[in-house]
Structure formats: C-alpha cells, structure tokens
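Just passing along the structure, written as structure tokens.
Order as written gives the chain letters A, B, C, D and E; numbering starts at 1 within each chain.
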Amino acid sequence: MAWAAYLVAGWILLAGIYGIVTSRNLVHVVVCLSVAQSATYLLLLSVGFRQGATAPVFSDIRPGRRVVDPVVQAMTLTDVVVGATVTALLLALAVQVAKRRGTVDPDALRTLER
Amino acid sequence: MGEVLLVAAFALTALMATAVVLTRDPVRQAIVLSGYGLSLGVLFVTLQAPDVAMAQLAVGTVMVPLMVMLAVAAIRRHQRKDGP
Amino acid sequence: MIAATLVMLAGALLPCLLATVRGKPVDRLVGLVAAGPVAALVLLLLAAAYGRSAYLDVALIAALLSFAGSLVYARFLGRTL
Amino acid sequence: MLSPVELAIAVPFLAAMVLAGAGRWLPRVVVDAVAMGATLAVTGLLGAVLWEAVRYGTVVVWVGGWRPHGGVSTGIPLVADPFATALALVVAVLTVAALLFSWRYFTEVQAVFHTLMLLFLGAMCAFALTGDLFDAFVFFELMSAVAYVLTGYRADEARSVHGGLNFGVVNSLAAYLSLTGIALLYGRTGELGFAAVGEQIRAAGGPDTGVRVAFALVCTGFLVKAAAVPFHFWLADAHAVAPTPVCVLFSGIMVELGVYAVARTYWTVLGGAEETTARALAVFGGTTMLLGGVMCLLQRHIKRLLAYSTVSHVGLLVTCVALARADALAGGAFYLIGHAGVKGALFVGAGALLNRFETVDEHELRGRGRDMRVTSCLFLLGGLALAGLPPGGMWLGKVLAEHAAPHGWWWLTVLGVLASGLTGGAVLRVWLRVFRGAGRRPAGQAGEREAGETAAPTPRVPWLMLAPGLLLLAGGLLVAVLLSGPEVLRGARTFTTGYAGTVLHGRPSLAHAGRLPELWTASALVKGLAGVTAALAVAALAVWGRRVPPAARARPVWSALHTLHSGHVGDYVAWLLAGIVLFTLLVIV
Amino acid sequence: MNAVRGLRLCLLAAGSLGFAVLFTLAVLDLPPFGGNFHPYGDRAVRASLLRGTPNTVSSVNFDQRSLDTLGEELILVASALGAVVLLRAVRREEEDEPARHHLGPADVFDALRVTGYPLLPVTVLVGVYIVAHGQLSPGGGFQGGVVLGTALHLLYLTGDYPALARIRPVPLFEVGETAAAAVFVVLALAFAGQVIASNVAVGVEVGCAFVLVLAKFFEQALLIRVPA
C-alpha cells in the first residue's frame, strides 16, 4: 500500500481529464483543468515526503531534526501560483467566447476549420 | 496513528476532487471547489508542507472562487436569451 | 492529539464537505460556511499534534479567509452583485 | 556583474516591466524604440555568447553563483551550448522582424503588445538556455501564458478567443503532464537538473520502465508544443487567429522549441540512441509529416494553411531527433533555421494581404493580388523554398537527414517528397490563384471577413511591413551558404556528447568539427528538384485539374479529416490522452 | 454529431485505461511513499542553514532556485496584462461609471457588514506579517501578497463596488506591480540571497497583480455592456 498516495494523484489527474472531455460548459472545463493540475501538487509533495519527518522550517525546531524535502515544496508553491494565473487567463477567454459566440457549450461552438 | 490521518486526508481529497469534476453547474461546482481547496490545505499540512498549505488556502478560498463567480456573472450577462 | 484531529476530520469536516456536494447552491453554501472554521480547527489540532507552533499561521489564514470566501458566494447568490 | 547569458534573460524582462508600468504615458515611438532596443541588445548579447560557445565551448552559468561542488549543486544552471544559443538567437532575430512589421502600424492597447512580445522573447530564451527540468517547466508555462494572450489579442473576434481557449486548455494540460513526468523523475533520481538526472540514471544502470514512462510523459508535454500528430489540433486554431507578427514567432520558433526540448531531454536523461524511443519518435514524426501536408492542402484560409504546413515540417524535425545522429541533428538545425526564415516571410506576406483586403481567404482573394509584386515574390519563392529548392536551408536539412537515415528508413525519402510537394504545392497554389488570378472560381460559400490589424486598411503595403519578410526569406534561402557546415556539425556533436561532464564537472565541451557529407552532388540536387517538381505538379493539379478522379473518390476522407479537426476542446484532450498512451507504449515496449 | 461524441468517449475510455496502467507501472518503480532518499532536498537544507535562512522553502524559492520564482512572478505579470487585453471593452461595447452601480451596502446583511469591515485592518495586518516573516516561518511574499489582495476585496464583499473602485486606482497598481517585478528580476539574477527583500518585492507584486486581474473581471461582470 506504500504507493497508494501516488495512485491518488493519478486518479485525480484522470478525473480532471474526464471532466474536461465530457464537459458542456467552458467554465467547468477550466475548473476541471485546475483539478487535473492539483494532481501534480499531490504527486510532488508525496514524492518529497519522509516518514516521521517534519516541515523544513527551523524557526521552532533545532537544526538536525528529520525534515521532509523542501525542494518539492518550493516547486509545488510555484505550481500553485501558475495554476491560479492560468485559471484566470482561461476564464477571461471563456468570458469572451461567451460574449462573441453567445454560448459556452463546447458542443454548440462552431468548428474553426473550413 | 499518523498514518491513519494521512490515509484519511488523502481519501477526503480524492473524494472531493471527484465531486468537483462531477458537479456540472459552474456555481455549484465553485462551492465544491472551495471545499476541495480546504481539504487540500489539510492534506498539505499532514504532508508537512505548511508553506504550500498556506498558499493553497490563500488562493483557493477567495481568489479563485471570486474569479469563477465573476466569470459566471459576466457570462450570464452576455449569454443569448434563447441559447441553451 | 492525533486521535482528536482524526475525530474532528471524520466527524466534523467530512459531513460539512459532504454537505457541499449535494443540493441547491444555498444548501451547499451552508456546508461550506460551516467547513471553514472546522478546517481551521483541524489545522489548529494538527499544529498541536505535531508540536509545531509554526503551523499555527496556516490555521490563522484558514480562519481569516474562509469567512471572506463564503461572503463571495453570499454576494452572488443574493439579489445583486 | 551579470554574465552575458544572464543579461540576455534580464534585459527583455526589465524592458518589459518598464513598458508595462510606464506604457500608458509613453508616446508610441518611444515604446517602439524601447522594445526594439531591448531586442537588438539581446540579439547582440546572444551573438557574443554564440561566438564564445562555438569558439571555446559551452558556456555554463549557475544563477546566483550556486556552482557545483563534487558534481552536485543546489542551483539552476544556464547552459549556453552552440545549439541552445543559436535557437535563442533565432528567437531574437524573429522578434526583431516581428517588431519591425508592427512598427507604428499595429493597433494598440497601451504598450501591452510590446510588453508581451518582450516577455515572450525572454521566456523562450530562458527555456532554450535552462539546464533544469523544473525551470524548463516554469518558462514553458510563461511562454505559453504569453502565447494564449497573444492568440486572443484581438478579443473582439470570436475565432481569436475560441482559438486561444483551445490552445490554452490543451497546452496547460500538456504542461501539467510534463510536470507529472518531472515529479516521477525527481522521485526516482532525487535530482532536477538535466545533467544530474541523467547521471543518476546512468549510475543506476540505465533507464527502466518507470524512467521510460516518466521520460515519455515529459516528452509528450513538449510534443504538444511541437504540435506532433495527434497533439497538433490546437496549432491551426491558434495560428489562424493570432496577429501576424505573433504568427512569425509561433511558427518560426515556438513550436520548434518543443522539438528542441524533446531532444534535450532525450540526450541528457536517456543518453540518446534508444531503439524504442527512436521508433516512437519516428512513428510520430512520419505521421505528422504526412497529415500536416494533407491538411495543409485542404485549407483555403491562408494563415491556417501555413499553420498546417508548419505541422508537416515539424514532423521532419521530430524524425531528425529520432535518427539520433549528430549529422541528422545538424540537418535538423539547417532545416529549422531555413523554415523559420521562410515561414516568417510567408506569414508577413499573409499579413500584408490581411491588412489590405481584410480577408485571407484564398478564393475571396482570387486575382486581387496582381499588383502586389513584392508580396507575390514572397509567396512564389516561399512556396519553392518550402518544397526544398536548393540552396535553401530546408533542402539542405532534408538531404542531410536522408543521408543519415539507416537502411530500413526508405519511407523517409518518400514522405520527404510528399511533404514537400503538399506544403510547397499548397503555397504555390495560393500564389497562382491570388497573384496570377489562375483557375476558375471554385464553387462554395464566401469566406468570412476579418478585421485587419491596422487602424484602417492599408491600400499600399508599407515597406516597413514587407522588409522583414524579404530579409527573412533571404536568410532562409541562404542558410546553407551563410552557415559553416562543419561548425554546425560540431554544435550537434557538442549537443549529443559530454553534457553532464560540462555542466557538473566543468569539463571542456568542444567536440571536433568533422565533415559534412558532400552536398552539391547530383543526387542531392535531384532530391531537391523532386520536391519542387512535386510541389509544382500539386499546385497545377489543384488549380487546373478539375475532377481528378482520385481526389473526387477520396472526398469522404477529406470531410472526415475536417470533422476530426472539430474545434471541440473535449476532442482535442481525448486525442491528447490517447496520443500519450500510444507514445508511452512505443517507448517502453 | 453523435458519432463524434461516441468516438470522443471511446478515445477517452481507451486513453484512461492505458494511462492508468502506465502510470501505475511508473509509480511502482518509485521508492515507496515516505522513503528516506532525498539527495537534493538534503543539500538544499544544508545550504539554507549555512546562509542563515530558517525557512528552507523560502531559501529554495528566493535564493537557490530564484530563477523558478522569477518565471512564476512573470507569469503573474503576464496574466495581469492578459486580463487587460482579453477583458477590455472593445468596439461597440460601453463601459458604465462605477458610481452608477449603487449596488451598495443596502443589499448586504447588516450582520455581514458589521463583521466584515473590522476584518479589513486585521487582514491587512496578517498579510504584512506573513510577508515579513516569510524567511522565518511558513508563509512569504506570495501567500502574504494574496492575503493583502484579498483584504482589499473585503470592501466589495461586505460593502459596495464604488468603494472598492475608489481605493483602487488601476494605474498606480500597475506601476507598483511592474516596479516590484523589476526589482525582483534584479534580485533574482544579480543579488540572490536577499530573502527578505525578495519576499517584500514578491508580496507587493502578487498583491497588485491579483487586484488588477480581479479589477478586469469586475468590469466585465458589472460595468461593460453591449448596447442593443
């Protein structure tokens, strides 16, 4: 069962992708994309976890305590910011699609090919 | 005991993530998304990542919900009356 | 302490979050409003369980912002923006 | 004191911040001058770095001074080897051309357009130069975020925002899958630098299944950027609607950076020359060459047509990586630079049409370009160059790739001629119809009108708009003459050998130059002429050959292809997932 | 149309199944969850303590891997610019004056207002604390910046939009955002190791960027309309 944590990340990623593919609303698509992204937070932090260790913040503990991997935490932090900004950008695009096309249903949007 | 806590936090997160995806109406989905954000915050602290937990809570409780709700409001103003 | 956290997690946070996944938006909002402070409490207990006072800041943020977060929905579900 | 490599990243970002903060109070000419000045400065800096890298070997800079001790470091290296630096230089040169095109003509919101172009420039340079997997992800995301905004720049056009959204969703998801692969590699090796990860994997006795899956995930993220089939759907949607100067950068270099990242990961993480990976890349590259060419010929929207031709050409670049030999990579470099010049020039030509007639529909424009001599020239020469006219960079690149191909790869020659014929033929067909007024007006509904990019239509296309096109075209056609073949080969060898030693242990990187195969042979010229002949035949058939039986019988296939490119974001993501599984299976089995 | 949807679902099913198998294969080759193998992490902790930064995550973000954070901050700037470009009023659209939208306090429950207004200074204080303590305790420029940005919007959440619009001069925030980002570019590349200064720069930048992005969303949701 030691690998279950990683598999949860895989499950969330697939759930997000399922949501995007079957979605009928572009706002829903964008939120599902952010769910798929949250899988990477889980995977990164699980990879950096260390049994019986504590946070690598030495304000109230002595140096020398077992700590978890700070690098994955820094990466995840960056990832969280990236996720929030990409969500903002895609929501802005979705608003404009609604204004120009009058719908946010991917099925009702005309093809771009001609 | 600590492991049980981790398992519980992981299970809660997986459950909420699935719920977010399965909620199709954006307004309802945004509320579930806020709940998912809280469960992620708790999970990150159990994974000993308070910095990330704080970032997730800061973004996930107000910023992203506000953006989603403003987007939904803007879309409602512009959607075709006869549209689907 | 961890046991207490576990009880709060399963006994209080889980029901609140479950309430957010079903029903009309207003019903869901009730669940979310309750979940905010409960999550802060869980984080508080976790800080005590791990013996890390540094973790308290996270609980502070959760408590402070979850109120504002529920206001977002209260505004939008109300009459006007 | 910052090194030139760091300055090349700092300068565009700082200039972008100045324009973003003060843009609303600055007169237009100052905004143009600041952006152009910064880009020229970057060009100069990168030129100096390239000279140093070619002369004395790869320049490695550890940001913040976190140099490695005993082969390990906690910092991020910027690795300016000849190839990475040359790519960054191509970015800078194309940005100069794009800014020239938009000089005083592009309609404006404050100075946002220039700010975005500078951020784009800096992000692509950093992406090319970084020696760290996660840093590559971050700058990939910066590059993508700026690209989404630039795609949707004309927010009043429905197609713009729709294309931008499809682009955004597909590329972001791809980036997250890449990040998943990076996390898996980090879990395995405990390292993030390209060099450090590779060393760990070698120390552990080479890649196993887990490492291969992780590698495949990282690569598929980059292959989406590279628009390999079936990850290519977003590209046409985005290229067809993005402003012309942005298209020059998108088609000329952004897409190709995806292939570069695949190659970089392949050689540093897996060590290159893996049989399964070569097979996977060859399958994807070959399919991309063919489908891109077919889709290209089916278009009547000129920018969309050019976008699909980019897909086809990227297929050849992917195949060059699959060949996993230094001379094939040198060929890829020639091909990439030649393509960047020619495609940039063609987009400039399309932009000139759009700004004059407010449409880029081939049928609408039939015969209307008769008096546009320069633009006509751009399309004629551009089409021939795409088809592989000697001595263009694309001709040379293809000859080198075919020369490097082992025996079982006969299909590369066939696909090469086909891709040349289809993409070059499509452009020549546009030239015949629009600038010569050839053929009959085909039946079918009228094309959609589009807003031009200038405040008012430009009855005479200004020289400042066309000059960058002519310069790019000249560059693309003369690459083979301008660049020194042995030096390019030396760059390719530096790219494929000794990376970890140079980055982590400070070993000198200079490979010996070696000799390229003899180029001006009869068979090489015949190969070039075969492509050109095929293109001319395709163009002639498309314009004059009515009711060619095979084309008529294949109509259901064409319409099925159109249906596949549905503009539905769910379809694109489903294809993305299926493509990832296919690629990973090919890599591990 | 149905055939297309069928094809899409088939692709999805096949892809999901394949991905699940492949991902599981990859994961089984990882060291088990909670393992002790973290060479880079251990080096980062040592380096951080040598430099005297107790919060090693801050040290990684602002010192050892400052280039990552630079990219991240520029993504924020790009998204703020993106909001300006994508959500501007175009062509025949008209923008109302904020003051015309007196969707004021009357529509919010008094109880909310009584709790909300006092929360504003508290939130600002907490935001400043999180930014300033970033190198010591969990938190830092990013987290604090978001809290500061949120604080401003409490004015809207518990009050009215005109009040928010009054204390939010967009050009000023643009200048603040880009100046802070420029400072951070210099810090990250030339003076790595200034963790406190980096935190402050990032805090200002993040706060301003989120306010700017949300400002554009507010305009779309409240002010911009297409005349009939």
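Everything that follows uses one rule, which is that a contact is a pair of C-beta atoms (placed from the backbone, for glycine too) under 8 Å apart; a residue touches a chain by one contact, two chains touch by 3 or more.
Quick caveat: nothing in here was measured; it's all calculated off a predicted structure.
Graph distance from subunit A to subunit E, where chains that touch are one step apart, equals 1. Among the remaining chains, those touching subunit A and also subunit B are C, E.
The chain with its C-alpha centre at the largest distance from the centre of subunit E is D. Chains joined by the most contact pairs: D-E. Set against the C-alpha centre of subunit B, every other chain centre is closer than that of D. Look at where the CA atoms of subunit C average out and do the same for subunit D: the two points lie 47 Å apart. Chain centres here are Cα averages; for subunit A and subunit C they lie 20 Å apart. Chain centres here are Cα averages; for subunit B and subunit D they lie 36 Å apart. We define each chain's centre as the mean of its Cα atoms; on that basis subunit B and subunit E are separated by 15 Å.
Touching two or more other chains at once are residues 2, 30, 48, 50-51, 53-55, 58-59, 62-63, 66-67, 71-74, 78 of subunit B. For subunit C, the set of residues that touch two or more other chains comprises 50, 52, 54-55, 57-58, 61, 65, 68, 72, 75, 81.
Of all residues in subunit E, those touching 2 or more other chains are 8-9, 12, 16, 19, 23, 27-28, 30, 38, 40-41, 44, 55, 57, 60, 65, 68, 71-72, 75, 78-79, 82, 86-87, 130, 137-139, 142-143, 147, 150, 153, 213, 217, 220-222, 226, listed in ascending order.
Touching chain pairs in this entry, ordered by label, are A-B, A-C, A-D, A-E, B-C, B-E, C-E, D-E.
Interface residues of subunit E, counted against subunit A in their complex, comprise 1, 5, 8-9, 12, 16, 19-20, 23-24, 27-28, 30, 32-36, 38, 40-41, 44-45, 48-49, 54-57, 59-61, 65, 68-69, 71-72, 75-76, 78-79, 82-83, 86-87, 136-138, 142, 206, 213, 216-217, 220, 226. Within the complex formed with subunit B, the subunit A residues making contact are 4-5, 8, 11-12, 15-16, 18-19, 23-25, 27-28, 30-32, 34-35, 38-39, 41-42, 45-46, 49, 52-55, 57, 67-68, 73, 76-77, 80-81, 83-84, 87-88, 91-92, 94-95, 98-99, 102-105, 108.
On subunit D, the positions that touch subunit E within their shared complex are 2, 6, 9-10, 13-14, 16-18, 20-22, 24, 63-66, 72-76, 109-110, 112, 115-116, 119, 122-123, 126, 130, 132, 134-135, 138-139, 141-142, 145-146, 148-149, 152-153, 155-156, 161, 164, 184, 186-188, 190-192, 196, 208-211, 213-214, 217, 563, 566, 568, 570-571, 574-575, 577-578, 580-582, 584-585, 588. Across the complex, subunit D meets subunit A through its residues 134, 138, 141, 145, 148-149, 152, 155-159, 161-166, 168-169, 172-173, 176-177, 179-180, 183-184, 186-187, 192, 236-237, 240-241, 300-301, 304, 447-448, 562, 565-570, 573-574, 577.
For subunit B in complex with subunit A, the touching residues are 2, 6-7, 10, 13-14, 17-18, 20-22, 24-26, 29-30, 33, 36, 40, 43-44, 47-52, 55-56, 59, 63-64, 67-68, 71-72, 74-75, 78-80, 83-84.
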